[in-house]
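The same subunit A turns up in both complexes below, where it pairs with subunit B and then with subunit C.
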Partner chain A sequence: MTELIVEVRDLWHWYLRGTPLETVAVQGAELELRSDDLAAIVGHTGSGKSTVVQHLNGLLRPHRGTVRVFGQDLGDPRLDARPLRRMVGLVFQQPEQQLFDPTVGDDIAFGPRQLRCTPEEVRRRVRTAMERVGLGFDAYKDRYTFGLSGGEMRRVALAGVLALEPRLLVLDEPTAGLDPRGRAQLLDSIRALHAQAGMAVVIVSHDMDVVAELARSVWVLAGGRTVMHGSVREIFARVDELRELRLGIPQVSELAHELRRAGHRVRTDVLTAGELAEALYSGTSPSSP
Partner chain B sequence: MDEFDFARGVTVGQYVPGNSILHRLDPRAKLGGFVIVLAAVITTSSYFGNAVALLAVIGLVVLSGIPLGYVLSGVRPILPILVVFTLFNFLFLGNYDPTGSRVLWRQELGIGPYEFAFTVTENSLKQTLQGVVRIIALILLTSTLTLTTTITSLAKGIESLLAPFRRVKVPGHEIAMVFAIAYRFVPTVADELERLMKAQASRGADFGRPGRFQFAKRARQLVPITVPLFVGAFRRAERLIMAMESRCYVGGAGRTPISLPRLVPRDWISLAAALGFTLAVWNVPWPL
Partner chain C sequence: MTHANGALGATPIRSSLLEVRDVTVAYRVPGGGANVALSGVSLAVHEGEWLAVIGHNGSGKSTLAKLMNGLLIPGRGDVIVAGMNTRETALHRAIRQAVGVVFQEPEDQIVATLVEEDVAFGPENLGLARDEVRALVQSALDAIDAQDLRLRAPHQLSGGQKQRVAIAGVLAMRPRCIVLDESTAMLDPEGRREVLDVVARLHRAGTTIVAVTHFMSEAALADRIVVLSEGRIALEGVPREIFGDRERLRALDLDVPPVAQVAERARALGVGVRGLPLTVGEFVTALP
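And now, the complex of A and B:
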């Protein structure tokens, strides 16, 4: 049984509104998320995707249109958004830059302490959050935060949000600037959060490979508007439209298309390396001499 | 009004593109004219003179084509200080009036062992009101200058105005560079502050008001903001140094500009107009 947890209708948002520098960031975006979603919001730089997700926990309020998150209307100026921020965990771009406490454990405990949890509860939440991102509690809790590697710091920052135990996790460009190993580990953690912890997860990305690997449904933004949405396979089948938006498709799909153009009979709706291998194996054998 | 929208309130360090006469003036002429009008604003000591100076500054804002309301919103951040400053001047300045002008109002107060008096004299009232007008005119004038001038052209203007002082070892280029860098990063740091507050709010931080006198609590609340803000500032500084050094930047010695624009007639006319205005404000026998 899944419920609709996020409903964004005809959202408009302006930056520096009421000044000569006013610019419209979002003009008529739509978004819907269900409680078991593993979705991706994709779009070019400046397409408004980061602005849209900042509405989901009330950091920004809609200037026009409606945003309903867990049944609460964010257009209502009297609504206190703080309780909502515990249910919607928003992880910013380059979240390692927001760490401030010298020890890993204390930094992650910041959120639960703000919620006035008991020391036992804080400890439990920190332990759970750390294990969910693949950082051993005993091995890492007393480590010096600023001495960690970039990938580790990013996972600490993610754990800091997870310690609030949100029901919806929103990650803005989660893999940007990570090395391949850090990236793979992070994607595994996100997948596990969705599958095992039962969180709804949204990632914001312009890396189509990450989207293909992780997401099930995709929302495409361009110029502040939602221009496409559907399952990941449906979206990546619309190659020409994506190219027109200068978004491109996953490298694996690109390769399949290249092979087909070169005369091989290969399925082109492949999203991962495994699928391509399978398609090549089953597709090429009948045509080979 | 959005909870975390700081950039909206900051007009200092912003540049509003446009094509007005003020935008097109040479930065040297603009800076020179600015200093000359500034002199009129801060030295005239009559009600009329101050009003005329304020009107002239407002006229400049209108001339720049930037909405007056937006330029005035730059006053908002200092409004509390301005109010307190004015109130104290109004109540106490008359106690120390050396000119011996007429006393308009006097009230003596004794609270326990302390005795003090509120005094308003003709002269102190004038100074109080002038203070307010001058500060507003100053902010408007400074904002107009910076809102219509890009940082690079302002820095070039400063550098070339300071060039004659190189003989007495004034490092004009370095001063201009330091100024330009500091100025350039005001909006960047404001953006970063906003991002950090949002990020920490997303992990449960509460920046609500902890009661007026709970300074310690307030300071603790700000640790999650200030620590990353400083870490970020140092990182940015290091990157900037590396970028400058990798382009072989060694300071002003031997550097020449790629273009040497001449002052055109409109620059000279503006300077003359500014000078004429200031001399007029000084020499007109204002009745009040």
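And now, the complex of A and C:
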């Protein structure tokens, strides 16, 4: 049985509220995450997606509406959100910019040490976190943090969050700026965290190729509202609506759509190069409907 | 200055604007030793071409970009920009006027509080007359199609708009070549499209473009691609040659653009796809 771990209902949030510069960032957003979810939140710059995810660990509190995370009501001003920050790991954009310790192992150990874990427990958590992101403990723990490649540094930052052993991991633009190899390795790590470590994962991204490759369900935000949600296949078949929202489309979906428009009989709810090739094959074979 | 307005490409001249001659660059590593970023690289950038540079982090791409306007002087070898050696400090002003660089982070390159002041920064530093500066800013903003941004504050712009403003700042110097060092890496899809549209327009108008990128679909738009690996040139050719050899790319941990992957797989299933389509448009016309 999976449980509902995040419930966002009719969420409203204003920046600089009560000042002449007050602007509404979120106006009626909805989001639901289950304990086995691998989801993506997508939206144009300014759609409110970052504001929504900052509610998930209590960095922001709802101004109107409901945010429930692991059964805790974030709208309750008496709620101490600190335990929630451990359960919900937030990985910001370019998290490698927040690394500070010259030694990889010590940087990752910072969180567990703050939690006053025993030295053995710190070591266990650091080792587990490093292995989960594909950085061998013995090979990397004593390495010089700032001599690593961009992709490795990003995985160190991710390991630092994992060492807190969260149950829900939220990643904001996880692959932005990475080279193709760093990107592939990071996506593999995220998949493994979800499949093997049993973590619920939600990524926030405008890179639709990453979303198509990784996510199973997608929530689309526009103008501070949730405007679409569904399986990744359902969402990316709605190319025209996504274009209207000024969102990108995975290249494979775009190609399928353009082929269809040019008169080829081809399914448009394809996500990978292999699926589109298959669809082209069945579209050109004489026996197809 | 009329010779430097970038309009030379109207008649395709295949002379080299920029030459990298047997260059080696090594960085000192904290704690001793050196990290060789480029090792014996030679490369010519032709007047008016769009050259894409691809390769992994650490392959030497950004080092190569920084050599191109003398931000970095090679440890060994020479970089010649329009006949000027970047070793000669006295020529740096002229070299940077000829070759402008746009970096990854738009915020890092903006200096003023108004777009027009930011774009004017370069020409003002050249000590040009006010009217001349105004005309340069005007035409730079026209080139990026951003007259409407003239009086906006840069920090209020979207990522794509900021990068276009950064490009305008470079254009106001009337460069012959623009080097884009992963300038689209941090942008959303709309921002990337905005920047790529501007780059394509400048290229058509004759400006030489060197674009360092991680996006294979962007490299496919170039006239020529150089693939760097571990500080050396591993492959070099037109996009169709580079992306035609998927095995070699794979060995370098790179891949062909998604559109070419579809073509390859469809052909393996017996679908008649002609040639090697690299873009959506090419694919649509490559089917029977």
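Quick note on the criterion: the second predicted complex is superposed on the first by the 284 of 289 C-alpha atoms of A that agree within 3 Å, B and C clash if a C-alpha of one lies under 4 Å from a C-alpha of the other, contacts with A are read in each partner's own complex, and residues count from 1 in each chain.
One rule holds for everything that comes next: a contact is a pair of C-beta atoms (placed from the backbone, for glycine too) under 8 Å apart; a residue touches a chain by one contact, two chains touch by 3 or more.
Remember, predicted model here, so these are calculated numbers, not experimental data.
Once chain A of one complex is fitted onto chain A of the other, the partner contacts of A:R225 are absent, as it touches neither subunit B nor subunit C. In the superposition on chain A, A:R123 makes contact with neither subunit B nor subunit C.
Once the two complexes are laid over each other on the shared chain, residue contacts for A:F92 go to subunit B alone; subunit C is not touched. By the touch criterion defined above, A:G182 reaches subunit C but does not reach subunit B. When the two complexes are overlaid on their common chain A, residue A:L16 makes contact with subunit B while staying clear of subunit C.
Looking at the shared chain after the overlay, A:R61 reaches subunit B, while subunit C stays out of its contact range. Within the superposed three-chain model, A:L164 lies in touch with subunit B and out of touch with subunit C [touch as defined at top]. Touch criterion met: A:L276 reaches subunit C, while subunit B stays clear of it. Interface residues of subunit C facing subunit A in the complex, by the touch rule stated above, are 29-31, 55-58, 104, 158-159, 182, 185-186, 188-191, 214, 216-217, 253-255, 257-259, 261-262, 264-266, 268-272, 280-281, 283-284, 287-288. The touching residues of subunit A, counted against subunit B in their complex, run 15-21, 54, 57, 59-61, 81-82, 85-86, 89-92, 95, 97-100, 110-112, 114-115, 146, 160-161, 163-164.
Residues 44-46, 144, 147, 149-151, 176-183, 206-209, 246-248, 250-252, 254-255, 258-259, 262, 264, 273-274, 276-278, 280-281, 284 of subunit A are the ones touching subunit C in the complex.
The part of subunit B that touches subunit A in the complex is made up of residues 2-5, 7-8, 14, 16, 66-67, 70, 73, 195-196, 198-206, 223-224, 227-228, 231-232.
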